[in-house]
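In this document, chain identifiers A, B, C, D, E and F correspond to the written order of the chains, with residue numbering beginning at 1 in each.
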Amino acid sequence: MSDRLKQFTEYRRKMNERLLSEDNRVIKRMFSLDSLTFSQDSTLDRKTKELLGLIASLVLRCDDCVSYHIASSVEAGATKDEIMETMSIGLVVGGTIVIPHLRRATEFLDEVTGADA
Amino acid sequence: MSDRLKQFTEYRRKMNERLLSEDNRVIKRMFSLDSLTFSQDSTLDRKTKELLGLIASLVLRCDDCVSYHIASSVEAGATKDEIMETMSIGLVVGGTIVIPHLRRATEFLDEVTGADA
Amino acid sequence: MSDRLKQFTEYRRKMNERLLSEDNRVIKRMFSLDSLTFSQDSTLDRKTKELLGLIASLVLRCDDCVSYHIASSVEAGATKDEIMETMSIGLVVGGTIVIPHLRRATEFLDEVTGADA
Amino acid sequence: MSDRLKQFTEYRRKMNERLLSEDNRVIKRMFSLDSLTFSQDSTLDRKTKELLGLIASLVLRCDDCVSYHIASSVEAGATKDEIMETMSIGLVVGGTIVIPHLRRATEFLDEVTGADA
Amino acid sequence: MSDRLKQFTEYRRKMNERLLSEDNRVIKRMFSLDSLTFSQDSTLDRKTKELLGLIASLVLRCDDCVSYHIASSVEAGATKDEIMETMSIGLVVGGTIVIPHLRRATEFLDEVTGADA
Amino acid sequence: MSDRLKQFTEYRRKMNERLLSEDNRVIKRMFSLDSLTFSQDSTLDRKTKELLGLIASLVLRCDDCVSYHIASSVEAGATKDEIMETMSIGLVVGGTIVIPHLRRATEFLDEVTGADA
């Protein structure tokens, strides 16, 4: 695992724990709803749902969300080509404003898949 | 076909024709890129790509884009359950601000699938 | 109640019922989380929470969400001046792009409070 | 002037007046800042500023703002080709999600310039 | 004051000064309108207005704006619980796309309130 | 050229090359459409088109896109005053949420024009 990927994962874990330590039911439920949505096959399989989460994150231009769904997509069995095609659709729908996010996403994808080794 | 669906399709057809009658290469290419993206199987099959287009449209909250991708998803073989699950993921990622669009999308889906007959 | 307000409320009620008739746990939970968030006093009182929901809806430029939170704010005891000031803050944060939504919101507020009678 | 254009202008005028009748300094100043920004030549001429307002409105996908800046662009001397090119740039930057707004904008442009007569 | 908070405040101060050194009336007025909006009690008290600014910034996903309104909310007397509840409402309205911003916001809140000391 | 500007340009160049090395027609065409849009005079001259790209990027709040169009605007002959006025219009249309992006944009503009030398 690259240093950047480790850092991303560790910060995410630490702050999620911090957020859930709050006595706030709304935050807790939103986090568990997020897990419910993505963590298992349902009508759509996990891989497809992760790709849906990925494109939604990309057109909304949230780098951390994109990174997260790239990592989870790979884990759920998506190939690099499926991920790139998903992101290319996000580029057409979301426009050239998406390009800087696509650059960072592709760098992250290369780290996750070890393509930059 | 319901009157609303006919009206939607007809206005879309008429104005696309109007736009392409302009001598503007950028608009023409953007339209043909849109076709290239969605019109045939590639790494991902057409159905999956339509669902990706649908969730992107929903979180960006464009009612007409949502309607278009619902109709195309159905045409590409997506079931009502697959479409509803795709939209439910859009609801979680995009938040309750998506709800009014989800209401209109579901009404449209019912029209397209004839569920309101 | 004005005809427009009746129509808005009735469509909202009908389609929410339609959505919840789906066997989709994610949608059901998102709706119940929405209720949990706004329906009772907590650290912040209901009125303040409705004004928070209102400004969030206004800067995200969702007319139906704005209408809903205007109606609920009034019900929770907000005065017309508090609602207008909340919306004026949304105008500064969100910019002049918010103006058309502010026009429709003010028309709706006048209907709800009977100011146009 | 077409009926739709008259209706748009009249509603806008009536509700702006209504908004400014509120004793709210923030709203009043935001409106006068809007006038200051667009109403006269400065470093950039009025026409260029209207085209800037137009593309900003289009990528933010606000139909009424787009209509307003189309009408003002024409008034400030912009040709139909300049307006279409401005909007085509908005289409590339903002993506295909902009297309439904571009359809309505072009219909409005045709009404304003009498091209549909 | 933590180093990060000092750095944030100092950069903000330096660049605002730089912006206001420009001979640009529109920028100057927008800055003074921002002050007018938040700096004193009006129909709503300062604390409530800061919480409104906070949720608007969170759903629009602007980290620096969120940080600024967290610091100002604390200064205006908001408790950590009021701030967390405000942000939890932003999470429900804005969806899980808000989560990465909520993580950074909570880290910043902890710095401002000294909770990480 | 400042170190920051060099770093920005180099990362952009490297990752664009990486993206185009993918066998993905949609991405390739979107990139060439972007070039077609901005690279030469058409109905509007290059400078005006760059200013249009700049304001679109600013109201959509994409720092890298803003930086890119600032650099290209300067190259196409835009003066610092024209760029500042373009951005001030973006501030009014997009609201105070734009301010942090305007601070970074102005710092970048100063680097590009050597004003911080």
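As a working rule, a contact is a pair of C-beta atoms (placed from the backbone, for glycine too) under 8 Å apart; a residue touches a chain by one contact, two chains touch by 3 or more.
Not measured: the values here are computed from a predicted model.
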Number of hops, subunit A to subunit E, where each hop joins two touching chains: 1
Labels of chains that are neighbours to subunit A and to subunit F: B, C, D, E
Higher-contact pair (C-beta pairs counted), B-E versus D-E: B-E
Centre distance in Å when subunit A and subunit B are each reduced to the mean of their C-alpha atoms: 23
Chain centre separation in whole Å, for subunit D relative to subunit B (CA means): 27
Where subunit D touches two or more other chains at once, by residue number: 26, 30, 33-34, 37, 56-57, 59-60, 65, 84-85, 88-89, 91-94, 96-97
Graph class of chain-chain contacts, one of line, ring, star, complete, other: complete
Touching residues on subunit C, where the partner in the complex is subunit D: 61, 84-85, 88-89, 91-92, 96-97, 99-100, 102-104, 106-107, 110
Of subunit E, residues touching subunit D in the complex: 25-26, 29-30, 33, 36-37
Subunit B partner contacts - residues on subunit C that touch it in the complex: 11-12, 15-16, 18-19, 22, 24, 26-27, 30-31, 34, 56-57, 60, 62-65
For the subunit E and subunit B complex, residues of the former touching the latter: 59, 91-98
Residue ranges of subunit F in contact with subunit D within the complex: 33-34, 37-38, 42-44, 48-49, 51-53, 55-57, 59-60, 65, 79, 81-82, 84-86, 88-90, 92-94
